[in-house]
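So, here's a batch of structures to check.
Each of the two complexes below includes chain A, the first together with chain B, the second together with chain C.
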Partner chain A sequence: MNEFVETLLDLHWHEPKSSYDVVIVGGGGHGLATAYYLATRHGITNVAVVEANYIGSGNSGRNTTIIRANYGIPESIRFYQHSMDLYKTLEDDTGCWIMHNTKGLIWLAHTESAMRSERARCQLNTAMGTETIMVDPAEIKQLCPQIDLTGSGRYPVLGASHHVGASTARHDRVVWAYAQGAMRLGVHVLQNTPVTGLLMDGDRVTGVKTATGNISAGVVMSAVGGDVTQFAAHAGVRLPIRTHPLQAFVTNGYAQGFGPIISDTELLSYVSQTARGQMLIGAEYDRQQSFSRQSSFDFLQSCATKVSYLLPFLKNLRIMRQWTGRCDVSSDFSPVMGFTPAPGFVITTGWGTWGFKAIPAGGEAMAELIATDTTPEIIEPFSLNRFATDHSMADQGSTGTR
Partner chain B sequence: MLWVTCPRCGHRPIDEFKFGGEIPDVPASITDDAARDLDRVWMFNNVDGVTTERWFHEGGCRRWMTLKRDTHLDRVIED
Partner chain C sequence: MTDISDGQPQVEVRSSATPAGRIVIDNQPIEFFAGDTVAIAAIRAGQHPATGGTLCLAGDCGNCCAIVDSTPWVRTCQTKAKPGLAVLRQPAVGAPALNLTPPKSAVSSPIAAVIDVRHINADVIVVGGGASGTAAATQASADGHTVTILDANEGNEVVGIYAGPTVIVRTPEGMRHFHAHEVIVATGAADLQPACEGNLSKGIYTAGAAATLAETHIELDNALTVTSQPVRIVADDNGWVSGVVTADADGNDVLSDCNSLIVDLGHMGRDLLSRMTDERAVTIVGPAAEHYPLPPCPTSGIVCSCSKVTVEDLDGVWLRGFNELELVKRAALFGTGTCQGGVCMPYLRSFVADRAGSVPEPFTARPISRQLTIGEASAGAYADNFRMSPLHDEHLKLGAQMDRFGGWWRPWNYGDVLGEYWAVREAVSLGDVSTLGKMVVSGPDVVEVLERLYPNNVHDIKVGRSRYVLLLNERGHLLDDGMICRESETRFVLTFTSGGASFAEMWVRDWVETWGLDCHILDRTTSLAAINVTGPLAGELLRRVGVAEPPKFLQHRHETVAGVPCHIMRLSFTGEASFELHHPVHRSVELWQTLMAEGRALGIKPHGLQALFGMRLEKGHVIVGMDTELDSSPRRIGMEWAVKMGKPYFVGLEALKRVEPLPDHRRLFGFTMASPAPVEGAPIYHDGTIVGHVSSSFDSPLLGKAVMLGWIKREPFPDTVTIDGRTATVSAPPFYDAEGRRARA
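On to the complex of A and B.
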């Protein structure tokens, strides 16, 4: 976080203590939201969030900020709908402007089979109380006049599902809002402090190791994003996670007035407009797992080509920036939250390419889990032990475009 | 762009290949049979370094091959 931003926020930096009730490793959205809800909902403030770099330096400051709940299985729809509801009141709750903006998301179909998938999505969403409706090409044109319904003659648009409540919010403002809210109540946030190992007493995790000393803790929570496999290994915990890079890019400014978020399964990409007017474009994660944050020209070329079929005006814009995050993608494309086989060690991971929208509900649930030492019902389906009990939460709807 | 040397087709761009994932390698420390099965099916080593993995040459000979790759830098290791 830069010095100018710091002057705008009410942040209180602290020297680390040698012991806390709760130590949260990773100052991304999930770690900080958990600290915030521990303090605000449960009065637990003897908490440290330990961040290797600066807060929001991981995926929480690199994502394309789409907040939606139009998932493919009931357990996910319910969880993400709750997160969407928490986002709606987050500005009032924290007193911070996170630039939350409801835009609606149009998920395009170019084939009969894609139409069937979108109809099924609408049915399931509606049954779960999430507003997703089918729209025909004329309605799509009204919602997004810039679209070429013939897909440049190559990808004709047959229809779409319209997820009416989908929104975006400024990602780093979300991180700062939670950090500020937690710090005001006495939570310590320690930046530039990589955790290098865990303190163990037999199987039990009793604290963390850092270059400046050990910190003991009643509970340690891992919220380290793409580095989770290596981190959990310190506690002997094995995870169903692969780390895949995900890339995105923005163009220069375009006249304000690109209303909705456009998503496309066949072209595996999605487009929205930022508050500054830049067109923000993302796609699927790189097919091979890796820890590299190298952005590639191949991605840029293939993604730009695809989105230009649908939105030909993009051809006249320039690409300003491109970047990459390292995503913790789970075996079944659903999050992994809760207790682990190691006592004293809880985890929030499997956020892959879809965890920004989940920050409020994920943080709220993990705070409750830590405070009450029981798994809240809403995240029960996402426990790590689901794989052992044959209840994987396979959800192809969870990645950005799938 | 990564390039891979297919033993049948030669030096080819990675776009022609499908990623088959790391070859499962269950740690010896897991001894219980059911726990070993669980680990083989669902867990990953997700190594930040050199891994041995399977790739399918979809746009070529349509055969599987084994490859070594450094996941830290995303570089194919040719031996």
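On to the complex of A and C.
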């Protein structure tokens, strides 16, 4: 066997019931984490997580697994730092090996204006308790000996912000760890159960329609990714969300030899080595909006080019697989969590390119919101009504997108 | 019942042929013959090209992968041997080292310049030159199509079929991107591999591999063919097959000695490539489209040789609730290696079918089908050049440190930021502002267009005068800023920021089209250069180069300066008297050199962006994108004066009206404090809480203190705050020459 075969987790499946206190639509990280925290923190276990396919089949199984908190606005830094803290203890909390590995994230700057942005990032991160420090080219070379500091003559490295606590974890295992924890306490996880609509009583959401029957619920939470605008429309809820494909690729596996996560504020690409030794490479989302998961060669070509400027050794590595996920991007590039105008219908969305890192904190906060019927302070800035009240949380510069 | 027959040894007939050269495997030279692949040359020399495992010699499995010419994970059965080729075996356990040495050709060279890339328009592409491919090609040809056959055996490895359909092909000559009308996938069938204990031994060949060896006249030593799944394969101490255990009619194990084992277990459709695409113009023919029966459920041994997954592993995850094919795959990492499920998929499906009672679909196939390097993928990518002002070389001659800003190379400083600052404040200085967006708009409806585009009034700008304006988007958020200069009743010149110019051009054009108004647009951003002559002696310098009466503040006019036709705009960003000289790019060097020469006696120095940013901050001028955010409205940056809410319409008016009654909770303020200036981005505290951040800061040499712009995002807005542990005072800009006397002087 290979050393990465899963040998610890145990998933207990249940027969579906026709009614639950809480029905969570979407069996990805956010949905399952919410169920886990409902069960573990609030003793609410009469919960179903309804998944159209298999658990983790959406963006939870398609992301590049980077966990970071080096955002540009205090509300986001605090939220993502809390998520990082929860990730650090997740293996102890769940008893699962999620391959959590703190490696540090280096955001390279090639211009004075990019240096200025990174210095600002360090200032605000440090003030909010997140360790992000400026590093000079010599320090960058020490952290990543493979880097070409001239950027192949085109993108000279002036410096970088080094987000020391950034980490990665194996995406599937995070999903399974939360699933196992929730299922052990009696949460039902229903796979291959596409939700086709919502049960409504006036403007109140009272359950979900599925291909195999209706399920009534005290509260319905949408943890849907990709099709969220269509799904929320069932409840008459309009979301300021657009969906873009996001692509990535991996090489074959190599012995461990690439320590940090290298990212680039101008080229908008990032490179890390997975626990299995593959080089995992991604870039910003496709400019064109689409619900498609088809991969493109244009992406492969442009992304391969970008990372080759800075890490020429990559040119000699073979690409094994590319894939595509879907990003729900809000108009201010921050997530949307909390109540909606439809009673009984709460939502966690707008996860763009930054959803994986938010799974623990997002799940914890949404569980508290459902359990207490009150918005937790940490996610209050991310409420849907911020768009109506002109309180948008603009932070595009921290999302790795353009 | 197991059918065991003797292998049919081939007679070596090539004994008289001469070898074509030598390759080196693990530092040991071996001979090869013309046409040999690396794998075949190794087998010919009595070796396994890797460390073990059944060989298919068809590019399906990953069992022959090695490090070829310092690239790991190369299928040696798809790699032609050539003299001197260096091959290293990868470790049997673990992975090859991550190459720390870039390939020689790669260091600081244009990206992948050595790889030839061609884009080819094609009619019909047939992937696969076997029986089904040839038949399909013949038919298509008979139907009047021009057909291109791509066969991996000839070195044309199809990487993937993408939207278009575009077929990406890796060939010995380089990368080929075929843009086809139609693609026919005729990839045929692959051999099933053995799934039993001992299947990672050396000396095991699929029936297809054995046929390939026979064609190349390689005689296998003491070969035995099995046609059903062996119970186990037995190997000697060196890992070479020494026998195979099969079950007889009564179910008893029977050991048969052999030195080579040929497994003939049937086939599976070679469908990875076709399953990766959902393009409509792709058809699948022949064995690739067939549904072959699944093999019996495996009972022992490695079933996924790339990831070394055993039947026990599958059972382990299955019993712990990973109860569907995709979950089993992910929990065991089955089929996630080189072959991407290409040869192991039937066993996974057969396993799940056995345990679950129904046959699952194969897991999702994702590109790519045949591997290519990151260098090969990037080959042919086009990278736009960064833009350069016509004065670029002049800046370099003056020792400028250049920086890219807003898509252009610009002087960051000329090595003496303080000297540049004082030249502007006390004498005269030149700044290269060629990068500003410049647009001429004219026509009968031009005033109406500009009134709709800009939130400020436009109709009352007099001919020969100019006005500072904001540009808003439909949400009422700041897009850009610039100047409007009126040249006649129906003609204006607009300027935009360097970074915002190209977007602004699109923006203006689109709105003019949307409104259907009669207005002509001429973008002169790159046809005009511009030099800002600034400082208390700027007017004097202009007089010395022939401008008898320089324009007054916010005036503009066309006049010849030092023999160069210029549009002179009097304004001020630095805070001193400033004259922007817009002129044809081909006259720019001459004008710059004349101004520098004539200004020498006045103490002229050019200034870079670094000094400029400080000087504009002393005046409190906002830089869009540095001090503003994605959602900055005029109110938030304290520029309500530049918005006339009483106008009937302008872009963004509806949005501003919607938020007007809402409480304002964030605003850009000016601050001053004792030097040193805090780092830009420093948090702003009030009562121990972060309430915002500094967006720009500067140690003013003239004022002897730090001046700043910064955001406060919490009400009520305080009068004093703490920055960098020190007290700072909220102070309305400008911090310097508040009355604007110097700009007007």
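Here is the rule we go by: the second predicted complex is superposed on the first by the 387 of 402 C-alpha atoms of A that agree within 3 Å, B and C clash if a C-alpha of one lies under 4 Å from a C-alpha of the other, contacts with A are read in each partner's own complex, and residues count from 1 in each chain.
Note that in this section a contact is a pair of C-beta atoms (placed from the backbone, for glycine too) under 8 Å apart; a residue touches a chain by one contact, two chains touch by 3 or more.
Being a predicted model, the structure only gives us computed values, none of them experimental.
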Which partner, chain B or chain C, touches more chain A residues: C
Partner chain in contact with A:Q230 - chain B first, chain C second, else both or neither: first
First (chain B), second (chain C), both or neither touched by A:G56: second
Contacts of A:F4 with chain B and chain C, given as first, second, both or neither: second
Touching partner for A:F258 - first (chain B), second (chain C), both, neither: second
Partner chain in contact with A:A138 - chain B first, chain C second, else both or neither: neither
Partner chain in contact with A:S152 - chain B first, chain C second, else both or neither: second
Chain B versus chain C as contact partner of A:Q294, first or second or both or neither: both
Overlap of the chain B and chain C footprints on chain A, listed as residue numbers: 294, 296-297, 392
Residues on chain C engaged by chain A in the complex (per definition of touch): 70-74, 94-103, 106-112, 159-160, 162-163, 166, 168, 177, 278, 307-310, 312-313, 316-317, 320-324, 326-327, 330-333, 336-338, 340, 366-368, 371-375, 377-381, 383, 403-405, 412, 609-610, 626, 629-631, 659, 662, 665, 679-683, 690, 693
Sites on chain A touched by chain C in the complex: 1-2, 4-7, 9-13, 53-57, 61, 74, 110-113, 116-117, 119-124, 127-128, 145-146, 148, 150, 152-154, 172, 176, 191, 251-258, 273, 276-277, 279, 281, 294-297, 300-302, 304-305, 307-309, 312-323, 332-333, 389-392, 394, 396
Residues of chain A that touch chain B when the two form their complex: 227, 229-230, 238-243, 245, 286-292, 294, 296-298, 331, 387-388, 392
Chain B residues within the chain A interface of the complex: 1-2, 14-15, 18-19, 21-22, 27, 30, 38-39, 41-46, 48, 53, 69, 71-74
